[in-house]
Every structure is written in structure tokens, then in C-alpha cells.
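Each of the next two complexes has chain A plus one other chain: chain B in the first, chain C in the second.
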Partner chain A sequence: MGRRVAAPEDRTAMDVDISPLIENWQFILTGLGFTLSLSGLSIVLGVGIGLVCGVMRTYGGSLLDTAIGLYVDLLRSIPVLAILVWTYFAFPLVIGESLTPFSGGVLALGVHLGAYVTEVIRAGLTSIRPGQMRAALALGMSPLQAIRTIILPQALIRMLPPLGSLIVIAVKDSAIASVIAVPELLRQSQVLAGKTFRPFEIYTAAMLIYFLICYPTARTIDQIYRRFAPLGAS
Partner chain B sequence: MTFDWSVVWDNRWRLISGAEMTIVLTATTMAVALPGGLLLALLRLSPFRVVRSFTTGIVEFFRATPLILQIYWIFYVLPAAFDIRLSEFATALLGLSLNVSSFNSETFRAGIQSIRPGQWNAALALGMSKPQVLHKIILPQAMLRVLPALASTWVSLFKDTSLVSIIAVADLSYVALKIRSETYRVLEVLTAMAALYCLMGYPQAKLVDWLHRRLKVAE
Partner chain C sequence: MITRAATVERPRIGSGAAPILRFEGVCKRYGPLEALAGVTFQVNRGEVVCLIGPSGSGKSTLLRCANALESIDGGRVILDGVDVHDRRTDARKLRRRMGMVFQNFELFPHLTVLRNVAVGPTTVLGMSPPKAAERAMELLRKVGLAEKASQHPAALSGGQQQRVAIARALAMQPDVMLFDEPTSALDPETIGEVLSVMKRLADEGMTMVVVTHEMDFAKRVGSWIVVFDHGKVVEQGPPRQVFEEPTVQRTRDFLSHLGWHGESLAASDLLVHSPSNTP
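On to the complex of A and B.
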């Protein structure tokens, strides 16, 4: 049977037909896989950058503070879209090496997220009273040891709520990678909507899938925080 | 690879008009989303359970799905499924306003709930009606407290307006991406686009940081 290519006016206002979704479930699942791996890797990269930059900015002296501050302010004042297209289209011209959409997406989203994570880590670290650092040093710990065993464990618990929102934001921002043709959920939905002329069913399904990822994630992190919040108090 | 930056200067008026659109869209959206957010926040504090759950559902839904998808949804689904045709600008404004209203409503709700319940009780005991208490006692204090959070939302919104370029609203991103495809000066144009956003966004971000420090609540 041929595809229905009905003009919008031929249709009654709401005839919902979910068969394009059922027929193309694998296509959508591939997109979901890319959404999860893209946001997962960009979170790993972002948290890695944020941890290193956050610690260096807090304890590394004024020169590092200024340099990292510049990175943070720069990336926080440019839209993700601009960072994505710049990384994918312009950055290869600088390095003379082309990027795949996926690696460009991970790089752009990770470096962007890293700026926000840096600030969260810094706020968390500075919220621990300086007396604790001095006490640890007085006991003969090295600064790194003190950060790793005394400061960070407490700070991480306090950082959970903002880090949780950043994780949800990372999943949502991964949809913007559709503009550089990463075949993630939104991109796959666009392709499918174009092929089947069923934008309502397909975009609504995509919306529900994003909601089913983001909402439980946010709630779970809230629960974890409530469970552990007393450990972060000092 | 040689770079030719004159392409940026030659197209300066188009870029500036794009930047104007970005600012207009940000300001218009915020003008809609402030009352919109307040309304949603008040509905979430309503005594009727149905109203509360319905509003909560809407707010949570808009907060937990990507804005870019919301814009697509409105752009493709309203005309196809409901036969509602809006201009690109109206579509963009609707999408951004719904999204930002949801975020603002959480901000307002937090602000309203941060005022100690004793103040409600005291005002009610003095014989004021509930709307009076809200209007005269609670909101004036809550507004000041939520100002930094609203300002942060403003900066996010300013950046998020770039997403409307996908539905051909002639904002800074759209204009820049168009110049890029006309001239093939990819690096120059995209760098100029990022720089322009940064130039406009940076002072706003600094202002927000200042507001956060200045209006820090100590109760």
C-alpha cells in the first residue's frame, strides 16, 4: 500500500494514526540510543572538565582563576546552538581535521556543560568552611588529599541538586545537536515526520520520550539528595 | 586556508538587524512570560486539587522536554493537526513564552513560599482578604527575592532565542547561518556570530552575578 500523501486540508482535524511509529520503532530507538550516548558522553566530558577546572579555580591561585573564569564566562554567554555549529563547521578549519557530527556534538556539548559544572563545583567547594581545609593541612595531609577525602565528599552532596539540573539540561541540549545532523531522537523524528507526513504523532511521541527520560531523572536525583543531605551538612 | 574577515564587515547591517530581532524576541517573550509565570504559580497554589495537578503537569512537562522540540512541535503540529496557522514570529513567541512561563512559575512559587507563613496568618488575622494579603504583603517581598533568579532566566532566554532560527525567524543565528551558506566564509561568519552573542550576553551575565550578590537573602 502506498504512503498516504494527504494534503492537510483533506484531513479532519484529529485523525491520529500511530502506525508510522510502530512501523519505524527501530529507527526511533536508534535515535534514542544516540540521544543517550551523546548526552552521557557529554556529561562525562563536562563533569571531568568541571571537576578539574573547579578545583583549579578554587585552589589554584589568581592566574588560573582568571584564565578559567574567562573560559566559564565565554561559554556561558554564547548559545549552545552557536557553540555546536562553530565546533562542527568552523573548528575543523582551525585544526585542519574534520569531525564527525557525533564527536563534534560530544565536544561542543561537553565543553559547554563543563563551564556550568565548573561553577557548581567551585560554589560547592567554597561552601565548605575554610577551617576544615586548615585542619586537614595541620594534620599533615597534602592539599590534594584534603580535597579528595575531606572537602569533595561533603561538597559533592551539596552540589547534587544543581548537578542534577545540569544532567537534565544536558539531555535536553543534546536535541540541539540535530542541527549538525547527529542522528539522535529529534533528528530521527524530523526525518520520520518528513517521510510519513505525520508530524503530530511523531513529535508528540518524541516529546513523551524526552519527558520519560528527564522527569524521572530529576525526581531520582531529588530523592538521592534528600536521602544524603544530612551528610553534606557541617 | 586563508581567512577573509571583510565578509563580516560587509554584512554588518544584516547581522545587526538579526541581533535586533534577538533582543526584540527576548524582551517580548519575557513580557509575556512574567505574567504567565505568575499566573501559573498562583494556579499551583490554588485550593482546588484539580487545578493544582493540572498546572503542575503542564509546568513539569515544559520543563522536562527540550525547547527546540517544543518549537518544532508548535511549528509543524499546529498547522497540520489543528489547522492553526501562525507566522514564524508568533510561533517562536508562543513556544518560548510557554517554556519560559513554566520556568518563571517555579521561580515565583519558590519566592512566594519563601515568605514565612506567619506573615500570611498575621495578615489574615488583621482581616485582610487572601488576594489582599498576596498583593500587599507577600508579592512585594517575594518579587525582590526572585529578581536574581528571573534575571538568570532572562540570560538563558536570550541565548535560547537562537533556537528559533530553525523555523526561519530572522534572528542573529538565522542571519549568520544564511550569510555563511551564501558566502562559504564558514569560520569568519560563525566566529562573528559567537562573538556577537558573547558581546551581548557577557554584560548581561555579569549584571546577573551582581544582582545575585546584591540581593542575597539573609533571613
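On to the complex of A and C.
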């Protein structure tokens, strides 16, 4: 709070003026929209990748296990910022096609998240005792039917807490897409702060908005877990 | 004392027709361990075959090999003339014809009792949910648990869970029911309700293979007894013969280890029980 802020007129740091926020609420709302759509799509992509890779890694034999293990280890060993920058600036050279900042952001964040979700799904699947699979197969189900209707639902219930934290982290991580100029909340805040010379108000508001998205999300997932946890205990 | 004269030799049930299930020299190894070392016996239609034998003798392994949950290393399992382990056989189709009941119930905890019973018909047979629910309800009534239909398995006692598991297996309308120690994980008070459901099933003519340590059940409900030891059949025959005049020393050792001394049992208390519907 005691930080000096370069401002046209001389004023103290605690001189709070929220009028730039009120005047530019649409600009901030656009940012919020991008934050939600960017994180929403990257979560869909990441969870999709994680479900498929988690199931394949668990039941697909050693070749798939090794291949997917490589993807997981690789992506978990690289900073997400580096993945994002590489996806946006270097990956287009590989595919010979440029990406919009938004699609680059979704791709990078989704693929990154997918590596973590894969491991969570795998841990969930292997935690279900083998008798459940046997019982499903004994009814005449195919392995895929057994996984879909019997094993995976239980695994998802058990893995709701770690999945919930990954989802919240994904929302927060969407802020780094500001470096490739996706006009999401943080990026819009930066622009606005530069224009209005009101960084304190604007960045504080941005932090508050992140909190107001992430905290209820975490609590809701927690509540859902509490409600369903007994159903995942075989 | 048993008077030999009273023991009339009756022919084995179903011996006139081809057996529904036949094990021919079935071998199974786990690394160096020979879990099944050439098992041969058959199950006729309408029979209740009880498999008894010491722990680790391969009884569970045999049941898992019977419906191809486990591959085999030698011999054949024939279900109604079809080689279960043949590469050209659709194991999934055959499994529908064999209902399996596990020691630990293995009910699906995320599904209601009704859905546990209906999930086989809907996913495997493609039956419509209302029709499957109707069939499930009928079976739950049969095992005396209709009023638990909307609960989840965790809310049921062990005995109730096992009765649901029996209903779940019956929902596929199998030709043979395989039971792997269905009462071993139960509290003594609830064993009777499960055994009496099984007895009723046997009375209806269901073909059953029952791995059990309940010698009373084997003697009273079993129509054919197979004694296992070290992955082999050491003796088989009708209950009267196996329990009262065992010809093999290993059978005698096993029975006396269980405190069985060959005397004829009075009607077992366990089997007089009817399933209790009290919550």
C-alpha cells in the first residue's frame, strides 16, 4: 500500500477513486468473458484429454502407458508460461498455420492441464478394487462398458477434490494468457491501468474478481464431493 | 448310526443329458505356482455342485476360469458344448449365461439397489430402462428386498447386499450360477438369509456351482460334492458318500479339520430361516 505510484497530480497512495472502474465496466466485463471462456474451454479440453489418456494409460497396455507417460512427464516438467509461448509463437511454424491468441491459449492451457488430469484419472481408476471390474465383466459387459458405467463414475467421485483444485488452478492460470495478448481479465486490467493511471483500484478489482470466481467454484466442488463421496467407496 | 441299507443309490441329477458345464484337465499357473493342476469334473443341469477344500486349493481360481475372467494354461472349459477359452468364442456372450456371486458382494456403490440389478440388462442386453427396472423389482421381491430398491448398497447389511448381488446375477437369466464363498464375509446372523435364498433357487431347479465352507449347506442342498486340494479334485460324489464315507484321506483330514466327524446332521437351523425383511 505504501508503494509510490506515478500519477499526474501528487496524491497519497490511499486516495482511492473507483470511477475508472465504473466508467470502464464493459471493458472489464469483456475481460471477464474471455477469462471464463478461455478457462472453460481449456478445462473442457484438459478434462477430455485427461479422461481419454487416463483410461488408455490404465487399461491400454504397456505401449500406450509409455507413450502417455512421456506426454505427462514432459508437460509437467515445463513451465506453463513456456508451453504457452511455444504454442503461440513456435507451434504455428510446425503446422504452417498461425493461431489466434485465444486458440493458442486454449490449446496450450488445455494440453498442459490434460497432463495433470490424466494422472488424477489414472490414480482414481487404479484405486477401484479389481473385483468391481470382475463383477462388471461377469455380467457380460465389455471392458469399455465396464469402465464407462462402473469404474469411471466411481473414480470420478473419488477424484473430485484433486480435480476441483486442478479446475481452480486452470482458471487462475488463464491469466498468463495475457502475455500473448488474449484480452482476458488481467490483460484488460493492464491496459486499463495504463490508460487511467489507477493501478491500485483496477488490479485490486481484478484480484477480487478472480477470487469471486475461484472461491465459490472450489466450495461448490467441495459440497458436491461431500454429497457424493459415500457413493465412490466400494 | 447310519444304516447302509437305508442309503439307496440314486442316479446323479441330470446324468441322462449332456452336462451344462464341464472342466477337462484345466490347468492354471501363476508363475511357478500351479493353482489348478488338471481339474476334471462336470456339472449337470439342475445340479447344485458344491466345491469344498482348504484355503488356497484353487476353488476361486476355478470359478474365474469357468467364465473366462481368467485365462487357462491347459485343458478346456465347456459350457453347453462351447469351449469357453477358444479364441473364436465370444467370452462376453458366454458370461451372460453364467451368473457370478462374489465373496465381497461387489455391488456397484454408485448405483441404487435397483440400478445394480437393472444395469446388466440395460447395458449388456440393451433392454429399455423401464423394462429392466420391472425385471429388477421382481427379482428384488424374490430376494425379499423390494423396499430397499431406491437405497444405495452402503445402506444395506452384508446379508442384504449379498441377496442384491444374487438378484443382480439372476437378472441376466443365466443357465448356471457360480457362487464364490457367498457367506464367508458375512456376520453369522445374516448367513442364514443368504443361504435360504440360495436354497430356494436350488429348489427352483437352478444349476449352481457353490464354493463354500458351509458344510451344512453342502450336505443338505448340494447334490454333488467336489473336494479340492492343491489345485486338484481329490474326491467327488454325492454328499452322503463324501461326508459320511470319504474314501480319500485328504477329504477326511479336511473334514475333521473343520470339526466334521461324519455324523448325519439334524436339520440345520441356518436353513430354516427365511430372509428377514427387517431394515
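Assume the second predicted complex is superposed on the first by the 225 of 234 C-alpha atoms of A that agree within 3 Å, B and C clash if a C-alpha of one lies under 4 Å from a C-alpha of the other, contacts with A are read in each partner's own complex, and residues count from 1 in each chain.
The working rule: a contact is a pair of C-beta atoms (placed from the backbone, for glycine too) under 8 Å apart; a residue touches a chain by one contact, two chains touch by 3 or more.
Everything numeric in this text was worked out from a predicted model, so none of it was measured.
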{"item": "First, second, both or neither for A:Pro230, with chain B first and chain C second", "value": "second"}
{"item": "Residue contacts with chain A in the superposition, chain B compared against chain C", "value": "B"}
{"item": "Partner chain in contact with A:Val179 - chain B first, chain C second, else both or neither", "value": "first"}
{"item": "Partner chain(s) touched by A:Phe27 [first = chain B, second = chain C, both, neither]", "value": "neither"}
{"item": "Contacts of A:Tyr59 with chain B and chain C, given as first, second, both or neither", "value": "neither"}
{"item": "First (chain B), second (chain C), both or neither touched by A:Tyr71", "value": "neither"}
{"item": "Which superposed partner A:Tyr215 touches (first chain B, second chain C, both, neither)", "value": "first"}
{"item": "Overlap of the chain B and chain C footprints on chain A, listed as residue numbers", "value": "none"}
{"item": "Interface residues, chain A side, partner chain B - complex", "value": "8-9, 13-14, 73-74, 76-83, 85-86, 89-90, 93-94, 96, 168, 172-176, 178-179, 186, 189-190, 193, 197, 199-200, 203-204, 206-207, 210-211, 214-215, 218"}
{"item": "Chain A-facing residues of chain C, complex", "value": "64, 67, 69, 92-93, 95-96, 98-100, 102, 104, 106-110, 119-120, 123-124, 152, 154, 168-169, 172"}
{"item": "In the complex with chain A, residue positions of chain B that touch it", "value": "1, 60-61, 64-70, 72-73, 76-77, 79-83, 155, 159-163, 165-166, 173, 177, 180, 186-187, 190-191, 193-194, 197-198, 200-202, 204-206"}
{"item": "Contact set on chain A toward chain C in their complex", "value": "131-132, 134-142, 145, 149-150, 153-154, 157, 230-234"}
